[in-house]
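Next, two complexes with subunit A in common: one pairs it with subunit B, the other with subunit C.
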Partner chain A sequence: MNLEAFLTQTLVGLYTGSFYWLLTLGLTLIFGVTRIVNFAHASFFVLGSYLMYTFYIYTNNFILSLFAATITTGLIGVIFEITLIRRVYKIEEMYQLLLTLGIALTLNESQKLIWGTTPKYINMPELISSGVAIGYTNISYYSIAVISISLILFIIIHIVINKTLWGLKIRAVWRDNIMAQALKINPYLIYTTVFFIGIALAGFGGALMIILHPVGPGVGDHLIIYAFIIVVIASLGNITGAYIISLLIGVISSLATWLAPEIDIVIIYLITVIILLLRPGGLFGER
Partner chain B sequence: MSKDSSEKVSRRDFLKLTGAGVIGLAVGSVLGWALKPAELREVTSTVTIPREVTITAPVVRKLPKDTIKIGVLGIRSGLWATYGEFIEQGARMAAEEINARGGVLGAKIELTFRDEQADVVKQARELVDVEKVDFIVGIDSSGNVMKVGGIIDELGKILIVTHAATHRLTEELVYNQGKKLIFRSSVPVYQDGILAAYIAKDLPVKKWVGINGDYEFGRVSWELFTKTLKSFRPDVEFVGEQWPKFGTEDFKPFISALLGTDGEALYTSIWAIELITLQRQMIEMGAYKKFRAVISSLGYSMDVAYALGKDYPTAELGTWVSGRYIWLYPPTDLNKSFVDRFRSKYGKYPAYSSETTYSAIYMIKAAVEQAESLDPDRVIKMLEGMVLMTPAGVRWIRPEDHQAIYEVPYGRIAHKGAEIPLLEDLKAVPAHMYYRSPPFT
Partner chain C sequence: MNKFLRDINIITILILGILLGLISLTGDRFYLYISSLFMIYSLYALSYNLLYGYAKLLSFGHGMFFATGAYITGLFTLRIFKDPLIGLLVSIISTIPFALLIGYITLRHTKVYFAILTLALSMFVYAILIKWRDVTGGSDGLVGIPKKGVIVDISSPQLNYLFILIFFVLSSLTLYLFINSSRGLLIKALVNEERLLFTGHNVLVIRLYAFMISGVVAALSGSLYAIFMSVITPDIAYWTFSAEPLIMTLLGGSDYYLGPLLGVAIYVSLTTALARFAEYWMLFLGITMIAIIISFRGGVLGALILIATRLKDKRLKTSK
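On to the complex of A and B.
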């Protein structure tokens, strides 16, 4: 086996995995706490990209735009949570699916009306052309930044959930909603906050990715499939699992592209099927 | 703008190209003529699309209705929604021009738009049964076109395809199965596969890699490219191929795998937003330092040219791109006037499917005027063998497979400070040389 190619494909796979992680982090967090399977998640990811594009056009400042796009996406998410999603927390899942799917379609079509159908991206030549030559590929500073930011995000979320008082409240609502209410924790406040964070993370992911992943209407329709494969394999709501599986799927598919290009897509689905047959609750499932 | 475009093709080049084109077309016409059944021979005629919308034609009512209804199908939602918009722009512009000049034998053209992504067969049936359209034009997807083609005899209306590129439409459905209601105004996959090989054969590289979509169009374009190039240049080798699926967001693993080969040049028929993503990620991974030439068969589609703009990467031996029509060719007054009018109406250069749809509407006009009827059988007879002056040049509707024969060149991406990258070293090959011909063996 060619070691140089192996290393290169693995590194590229880590980038791909980090991209998946940015997409699935909010999804799995929202499900973990609110039990809502958010079909609109990728549409918020795409909204983050579009907002980033617009803010960048006006401010020409990457960091500022990234921040503004993240917050704005989160706030738009909260509007949807307060006006619509809050009404379906306690009823059948089918209605939740229909509602979030409806939100996804509404977001997609609004994006088309606002930003048109021509794909958009932001060019940062200094970020993508310069980097470290590893093997025969240039690993740009941008790619390295995406991989690092993903890891940092994982650590931060992990600490917030497990080590802070606020995280304790979240875990209380997550585990036992009624007991949490008995302890004077307002679950709706927790839901709204978690929704804000989850959607803002989606917006952050989308905003960060727009440099290498041009955004167009309907991009989310394709991304949501990957996001669901990952959270299902990891078991919905498990954040550590989602991070590990994101990276694994990225690396495995990247290696498969190199070693078995004819069946690289099949491999991922095959792994999903096998895992679900062996562990229906997902690899990191508790039940 | 017209100054820019005329600079791209020098006068001598233009004469050479036009000469080749005219000779090609003449040879093709004569061949077609000889092969045509006797009763069709009288109908061949030349029609020129008017340059300006000023004259009002005398209103002579010869048709049974006051309106000719045309159903327009295109992708209007999702990732490829730009393409439905392109089709719509071309159709609207043609219909408005024709109606402003008094319509078709006094009848106004009325357009009805439908999204082919929302079950194309259902949409086509509704257009015919509910909207009562007389013609259907458009269709972006090769998969969709084969579905509608399959039920065309049931629909009983003429379909002029203006984008979908599978050769099976005209070769299998029209030529082999005799589905005479189907026509196509746009160049099929011959442009992506065969003509690309004409460009590749002159480049001083031997080892090619390919990255193409894992679906019919991607597979066929790579197959035609490799087969044709090998026949010209037995010394070339194909050292790597990758097949990303529809809707791929991250091409990096594919690019990296190709960078690991000893390929010197890259061929792709990836299109639309995926092509923009692919190009962005190729720049990032240093692919343009490795590959000395890049051929991208749909690289001069307007969504791509506008999105990449001044960042459109250029390889050492050229980033060679094409489309199913490119706005700066041919440098005729008719084309320049079309481009100017399109730009003043929509603010952008015309996309290829805008032109192919625009010309399809004019094909309908010319055929109905000659047939003096909306009866599909009579209109088909007029369309078969028709020679039409269009913005994309002279189109000849080959009677055997109902394919419009016209040429579209490839060119190298060049940055000249214009609104979008321009093309230089335009290379055109007479259409009859690179289009496959009946009996398509």
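On to the complex of A and C.
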């Protein structure tokens, strides 16, 4: 085992983990505030990728399309929240999960109809190849940027939730919905805003991902499993836990693909099962 | 009323069995194929509804039992003893401890955690099937699962069809009788967990029981699938395949024993009758699912029964 390869793999792991984080952050926020486990979350992530692809083709501007894709995904998420999800806040959790599964299916299939079944990607050679060389391997600035963005987002979310008045309102709804309503906080407004933020973050992650990974049918099906595994290990609704576990799962899977390619995905699921056997409520507990 | 419904369910299964039996007389390969798939998926969906509709457990990993059933039958007949019937029995028996183990792990939770845990475990099974190439054949799966064995020979399509038909009728009847037995009533009572606790029963044991029966029937359907198809791939353990019986159950109506059958019938007939429709099938399912959850949770059978009772009421009123 050489150190250089180990470091490269760790960095790749942190990079993938950052995407998992962008995915699970929204999932965690939405669950924490609205108590809904959003099965369609990865579908919104992939929607962000596709929108990025389309915007980039038309505008040829990376920053502009990234921005547009993020906002559009968030707005589409809000449409679903207002028209459909709002109706199931007060009924059994089972039906909430089923409704979001229905939304996931609808989104996935509509994406197939709109963008076709061949995987799509954006070719940006200068963004991918430029970077620093460590030994023989080239670490692109892009992957470093993604890792930093995810860390910055973690800090921002932390500050917003713990230090601002709006964050206080969110925490109030999070902890005790009825008491929050008594304090003249409109929970539905909070729900919709949180949905917008959560889904927009997923769209943002998807838009960043399509630069290096082609996106096609089935990507969402695969991602939602990882997202669920991460939030369950980290305890549903725990933001710090979700960040740590996202990066850990990213690094572990990256190292596993390098050290033991014949059993790489088995390792991830095995770890999940063992952790859930020992700590059924996850590692961190809900905040 | 209960007695009446019970009769109707049994009668419907028997009539369905006779009708499906008549199809075998035509010998038309296409109809045999579709009807076989209908019966296999029906058993799969019925076993799912025991969990979802009766025990009120939302599992996203039911495919793991279907897949283990299929793989055990495949491996047993290919490697150890070449006979489909014995392979089927072996897979049913070996699913019992497997289902109990999985149930013991997952049933400590019920709602969302249970759903996600079953999902993770089924993906674990999927990962093993994909990665353990020497035994499971990896992503190529198992090929050439024999229909002609030492004891039974079902290599002709009609005999294979009858083989599936016998298991379909027997197990759907048995499952129905089980649900209406005293044990089954306890499973139905899980609707209100607190009340059941007050009667002094161990809720975990009842859930485990339902989970095991459901897993065994799913393994049976998987085993029939393996023998029927002769080829199996790990796709049947992927979570999307676990979501299929759930969607069919919702479509048909989860409140009724025969609801899942109707869902499967709609699925099989629509996708084969309108071949072009198959492309949009999942989109249709997604939208239907949203509509069912938002507006009417009884499914198609629930809607039909509602319409029938309304008509009956009207007739009673006018006759008065």
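One rule holds for everything that comes next: the second predicted complex is superposed on the first by the 282 of 287 C-alpha atoms of A that agree within 3 Å, B and C clash if a C-alpha of one lies under 4 Å from a C-alpha of the other, contacts with A are read in each partner's own complex, and residues count from 1 in each chain.
Note that a contact is a pair of C-beta atoms (placed from the backbone, for glycine too) under 8 Å apart; a residue touches a chain by one contact, two chains touch by 3 or more.
None of these values were measured; they are calculated from a predicted model.
Asker: Looking at the overlay on subunit A, is there a clash between subunit B and subunit C, or do the two fit?
Answerer: Once both complexes are aligned on subunit A, subunit B and subunit C clash.
Asker: What is the contact status of A:S110 with respect to subunit B (first) and subunit C (second): first, second, both, or neither?
Answerer: Second partner only.
Asker: A:I274 contacts which: subunit B (first), subunit C (second), both, neither?
Answerer: Touch partners of A:I274: none, neither subunit B nor subunit C.
Asker: Examine A:I265 and indicate which partner it touches, taking first as subunit B and second as subunit C; both and neither are also allowed.
Answerer: After superposing on A, A:I265 lies in contact with both subunit B and subunit C.
Asker: Would you sort A:V37 into first (subunit B), second (subunit C), both or neither based on which partner it touches?
Answerer: After superposing on A, A:V37 lies in contact with subunit C but is clear of subunit B.
Asker: With both complexes superposed on chain A, which partner does A:L223 reach: first (subunit B), second (subunit C), both or neither?
Answerer: Only subunit B; A:L223 stays clear of subunit C.
Asker: Scan A:L236 for contacts with subunit B and subunit C and give back first, second, both or neither.
Answerer: second
Asker: If you count the residues of subunit A that each partner touches, which comes out higher, subunit B or subunit C?
Answerer: On the superposition, B touches more of the residues of subunit A.
Asker: So, does A:I155 touch the first partner subunit B, the second partner subunit C, both, or neither?
Answerer: Neither partner.
Asker: Have a look at where A:L84 lands relative to subunit B and subunit C in the superposition and call it first, second, both or neither.
Answerer: A:L84 contacts subunit C only, not subunit B.
Asker: Once both complexes are aligned on A, which of 2-10, 20-28 or 146-154 in subunit B overlaps with subunit C?
Answerer: The superposed arrangement places subunit B into subunit C at 146-154.
Asker: Touching subunit B in one complex and subunit C in the other: list those residues of subunit A.
Answerer: Residues 108-109, 221, 262, 264-265 of subunit A touch both subunit B and subunit C.
Asker: State the interface residues of subunit A toward subunit B in the complex, per the touch definition above.
Answerer: Per the stated touch rule, the residues are 2, 4-5, 8-9, 12-13, 15-16, 19, 108-109, 112, 117-121, 123, 125, 128-129, 131, 133, 135-138, 140, 142-143, 211-214, 216-219, 221-223, 253-254, 257-258, 261-262, 264-265.
Asker: Mind pulling up the subunit C residues that touch subunit A in the complex?
Answerer: Answer in residue numbers: 56, 58, 105, 108-109, 111-113, 115-117, 119-121, 123-124, 127-128, 130-131, 133, 238-240, 243, 246-247, 250, 280, 282-283, 285-290, 292-294, 297.
Asker: For subunit B, which residues count as touching subunit A in their complex?
Answerer: Counting only subunit B, the residues touching subunit A are 77-82, 85, 214, 241-243, 245, 247-250, 252-254, 256-257, 259-260, 272-273, 276-277, 280-281, 283-286, 289-290, 303, 306-307, 311.
Asker: Please output the residues of subunit A touching subunit C within their complex, sorted ascending.
Answerer: For this pair, the touching residues of subunit A are 37, 84, 87-88, 93-95, 97-99, 101-110, 113, 221, 225, 228-229, 232, 236, 262-266, 268-270, 272-273, 276-277, 280.
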